[in-house]
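Two complexes, one shared chain (subunit A), two partners (subunit B, subunit C).
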Partner chain A sequence: MADDKVLQAIDEPPVMESEICVTDELVEVYIMGKPYTVPASLTIMKAMEYVGYKLVRGVGCREGFCGACGTVFRRRGDYKLYSGLACQTLVEDGMYLTQIPSFPAEKAVYDIRELEPTANTILSYYPELARCVSCNSCTKVCPQEIDVMDYVNEALRGDIERAAHTSFDCIMCGLCTVRCHAEMPQYLIGILARRLYAAHIAARAQDLESRVQQILDGEFDKELADIKKLSEEELKDLYKKRDIEPT
Partner chain B sequence: METIPYFPGCTCKADALPFEVSAKAVMRELDIEMREWERWTCCGTVYSMTTDDLIHQLGPARNLIRVQEEGSDRVVTICSMCYSTLKLSAMMFDADEEKLQKLNDFLYDEVDYEGGIRVMHILELLRDDVGFEAVKERVVRPLEGLRVAPYYGCTLVRPTEAGIDDREEPRVMHDLLEALGAEVVDSPFKVECCGSYETVDRPEMVAEKCHRILSDAIKRGADLVVTSCPLCEFNLDDRQDVISSIAPRFPGIPVLYFTSLMAIAFDLPEEEWGLESATVDPLPVLQEKVLAPKDEGGG
Partner chain C sequence: MGYPDYMRESIEKVNATRSKRLGVQYPRLTMEQGNEVLRDYHPDFKDEQKRNILVGPNRGDPANHEFADVLEAHPAIRPGDVDLEQVDWDVDVLVIGGGGAGSTAAMMAAEAGAKTLLVTKLRLGDANTMMAQGGIQAASKPQDSPTIHYLDVMGGGHFTNKPELVEALVKDAPLVIKWHEELGVMYDKDPDGTMLTIHGGGTSRKRMHSAKDYSGGEIMKTLRDEVRNRPEIEVVEFSSAVELIMDDKGACVGVVLMNMETQEYKIVRSKATVLATGGFGRLHIQGFETTNHYGATADGIVMAYHVGVKWVFMDSVQYHPTGAVFPEQIVGMLVTEKVRGLGAQVLNLDGDQFTYPLEPRDIESSKIIREVEKEGKGICTPTGKWGVWLDSPLIDLIHGPGTIERELPAMVRQYRRFDIDIIKDPVLIYPTLHYQNGGIDIDANTATSVPGLFAAGEVAGGIHGTNRLMGNSLLDVNVFGRRAGRSAAAYSRDAEPGKPTLEHLTRYEEELEKAKVETDRHAPILLPEYRPEHLREHMLDIPL
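Here is the complex of A and B:
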């Protein structure tokens, strides 16, 4: 269970370090220009903690969902720029690492209900959208492997539905924005497209609306009051016997 | 039915969507399917004339690569600006081996562009492939008595090497309109600039230019003006309110895409006429001159 050991090592590095060194292959990485020797089994995030960094910003879910831990890196002998989420990417020998927990971008403020789902709406908040030169640097850097250039172009031509779908997996890490030749915040454009799609284009879920109405009408009040009176055992029993939707 | 890769351009998917609707419909009637490919990007909007500014050739080049992937050696556009940007870029890469090499080095995420793609405007396709005789044969409602002034603007005919016709005396829209049975009103302002993108920052200047273009057409008795460029259409049509504020006696004149008149002459269903982008209502004059049942003499 190397992983457990590593986790403990992060809690108490001075004690566990020697043990890990024995059991794990070591690699050399550069963090902010300084070389460190770390176990190869660590993610970039764990490696940083292993060498003594206390992460306050640039960390969140540790599960690849929150987008807080965007990282760019180069490999020794390779001119290309690579990227990844620090919590999801394993260290490799000769990695030069830089964290980009946040990158400046101005977020537009709007009331989505008042907007029309058109290209002009997006352009009115982010006119720089029209400056895209199709360099595709955004797509190359995206840790979610999203076709960023494509959703940008879909938004530009007012295909809000496609822009919403193409950008759907975006975790707002902002790495695309770091690379943009046109200096636009792609991810903010993407979320505006998804919001426009959800508010104005996607079919409304009838079931949800009628259920919300039932709740507001108090149809479940009595049932809820009854459940609240049950003992823990009775609750567990009820839970086991609940209706499960066929898959 | 013959199929040709079609590059729509951003505007023809937004404000100028009716142009695309009518264009696709009339070409279908002439046995050509204009087929849009999956992942196109902005054409680049304006051709960059700075010779070492290759970054602004990436947009057009990516689209040319897509055409190559479609297995075609030509592509058709309907917007004059997209036409011009793609055309000039394709010509540049055909003529400059070194730039082509540099482009391919940079675009390592794509297959190499091999060059040799012919960029065509839909008017060329109509003239050179379909032929105006075939257009004439398809007409069921000739536009007799409708006086139409064709407006070409800049990017269809300039610069000369990328123009689809003579840069001072173009004929292509004239000939097409004649094939539709319309009476063509020729105006020396047909190739004057409408003011183009200045419309964003200087609408008065654009209105002044459009005022001159439109007034001349009106003086020569035109019922309406046709164009092939969404930006010209916007300037000539939507900016008429600014013209009216400068020149209160300006009577106004409808501005349409030429494909709308084709759709009407072909008697296609109304939803394929593409009149929705017109701000100055063309229906009264169309009603009077073309749509109302013709008096068959005596009757």
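Here is the complex of A and C:
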């Protein structure tokens, strides 16, 4: 089959007559050890679909937010282990890849409202934190480029605030946990740090507190009942006349 | 990678005009001008893309062909395929869907003392909620009020919204943010605790609360963690609902589930059921690319339609003004409205502004389509797609260096993967299918017309009328998810389910036949199909 015919099948790109339209090169990738030839412009996820996988595991938001498609790979002639999200990483020639859609990790169960943000709180739920040997494998494998080992150590020191901020971009794909010598679930430690920080350390919003009280006291009930009764014309008029808070 | 040379010519014009554009605001359209551009350029107004539905409770109503295709389709199973008497779960409240609405519903139902089961097609948290970036609206500041929020929501929805639903939305909003604060959602705050809030398209007050540009992710991760902290909520993943079960009195009493990996079916008996299955982005309405989650295939609305539940505003679709169109690998991906909220302007081929950047989403999208289709001022990508520039570097010029990296880390990262630096160069965008404005007709307590069946989140309609404003869907899933959980738990206390049946599927088949619908389509479809056709034609169906 001609290469351009293969390309048409991906997502039927509109054919452009101008010279800027590029033809795609093909590369060989090894999906769980088996070689396939795919267009170089595809992400790992689209390449798997392109060769015939109907994905149930290892697929989610397809935009890099949900952590479903953590993938590890090696390159031909290179001993290093690489990682990425299948939905955000382009295929390369000679890429050996496998997805790790699920990996066992035990989540601590807690009532966040009852917890106190002390130096030992996180450690008491995840004592394996103390087993960190600072090998940095977690940071190296993180597809979000988070300094995972840093937040593990911040959590270990009891610096909940820093651990919360350092881990903020975590999408909980779990690749760190796969690689961890100390066998700890870093991503679960991260979310405990963030929840502890937001619920117990960050100052509470006073405006919000007062507004909630006003609503519970029924202060807006009449206003809302009145505006609900307006005719469409009256409402449009009010809408046109509304003042806009300056940016 | 990065931008090809021919695109750089246009980018240089954008970079050259930037300092001159700083502080120069393009005028906002009047309501009349807005309506005109909608009528001429919005995809909702393209009648040839729609047809009138031939069957079911909305028979005769217009629907986009792609949506009509899943309604004018055979039900996923036939009554004889399953044994309803062999019950695998017997619960008070069944929640179908593991996103924002489903998670909150399950929590509230369990808190109300109901024995609660949450089932989801993929993983808990696999939902559009996880992907929402920009923020969540709530009138939490003194210069704002639920009433002003109400007016903005109605105006954004072109005054078609159901007032009682809007009232619920705006009144519960601050309560939701407070609840999140207690649960430990890391909102952006000043050191004194004041929430940082900005404008969104169509807002008259700065009421957009955010968690950087991971707002939905931060909320969803917290809700998921909280659901997992409550052992009283049973969660079953990778199990899709395929059809609702009714009783002989016309109430919904459970669901047929299918294990997505083994295809084994299971029967859930429930006194009350909450549909929280999300929207239909992955049907690719009118061929548009989508920002939506892989599982957004309209399953809930199809199952509800089979038992006679009507929908509203389903021919109204939200095209997010700023979906990525370059590079090819991320086409359709959301570029958050927060980018414009922070001051980025929308520019054409020549680097000129042609629209107020924060019009309501439908108008903004229509202006972009107009600039490309009518004015011919779009930029073509190497694969033949069209777009206009979103001038992200302007943000650091307005708010100071470092703002983009601090406020938009997800976006910086996504583009950096393809060697594009959004701090120095603009990004190419075009409207992309983002949200199902309509959905199942519900009341303020999320009840549908079928006793025992409730609906919350994107699957439900009427809250946003024919156009949703940014930040009101993260709000919607929380407000109505919470209400659905409570309503379902309350209903379940007195419910006495009768004899289970799937007779409604037989009736639906009869209706299809009567309407002379001849098709081999089945729905709900559960997942979209992205395998190439030539390959599917060469697949054998041999049991292994």
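Note that the second predicted complex is superposed on the first by the 194 of 247 C-alpha atoms of A that agree within 3 Å, B and C clash if a C-alpha of one lies under 4 Å from a C-alpha of the other, contacts with A are read in each partner's own complex, and residues count from 1 in each chain.
In the analysis below, contacts are C-beta pairs under 8 Å (C-beta built on N, C-alpha and C of every residue); 3 or more make two chains touch, one makes a residue touch a chain.
Computed from a prediction, not measured in an experiment: that's the story for all the values here.
Enquirer: Touch test for A:H181: subunit B only (first), subunit C only (second), both, or neither?
Expert: In the superposed model, A:H181 contacts subunit B only, not subunit C.
Enquirer: Report the partner of subunit A that touches more of its residues: subunit B or subunit C.
Expert: C
Enquirer: Kindly classify A:I171 by the partners it touches after superposition: subunit B alone (first), subunit C alone (second), both, or neither?
Expert: second
Enquirer: By the touch definition at the top of the document, which applies to A:S134: first (subunit B), second (subunit C), both, or neither?
Expert: A:S134: touches subunit B, not subunit C.
Enquirer: First (subunit B), second (subunit C), both or neither: which does A:N153 touch?
Expert: first
Enquirer: A:L42 contacts which: subunit B (first), subunit C (second), both, neither?
Expert: In the superposed model, A:L42 contacts subunit C only, not subunit B.
Enquirer: After lining up the shared chain so the two structures overlap, which partner does A:T118 touch, if you call subunit B first and subunit C second: first, second, both or neither?
Expert: A:T118 sits against subunit B, while subunit C stays out of touch.
Enquirer: Where on subunit A do the contacts from subunit B and from subunit C line up?
Expert: Shared contact residues on subunit A: none.
Enquirer: What residues on subunit A touch subunit C, complex-wise?
Expert: Listed in rising order, the residues are 1, 9-10, 13-16, 18, 20-22, 41-43, 46, 49-57, 59-66, 68, 88-90, 107, 109-113, 144-145, 164, 168-169, 171-172, 191, 194-200, 202-212, 215, 220, 223-224, 227-228, 232, 235-236, 238-240, 242-245, 247.
Enquirer: Which of the residues in subunit C come into contact with subunit A in the complex?
Expert: 4, 6, 31, 122-123, 125-126, 128, 130-131, 138-143, 145-148, 150-152, 154-155, 159, 163-164, 167, 170-171, 174-175, 177-178, 181-187, 189, 191-195, 198-199, 204-206, 212, 214, 216-218, 221-222, 225-226, 228-229, 231, 238, 260-261, 291, 293-294, 328-330, 333-334, 343, 380, 382-385, 409-410, 413-414, 417, 527, 529-536, 539
Enquirer: If you look only at subunit A, which of its residues touch subunit B in the complex?
Expert: 118-120, 130, 132-136, 139-140, 147, 149-150, 153, 156-159, 181
Enquirer: Considering the complex alone, what residue numbers of subunit B touch subunit A?
Expert: Contacts found on subunit B: 8-10, 13-15, 39-42, 44-45, 55-56, 58-59, 62, 107, 109.
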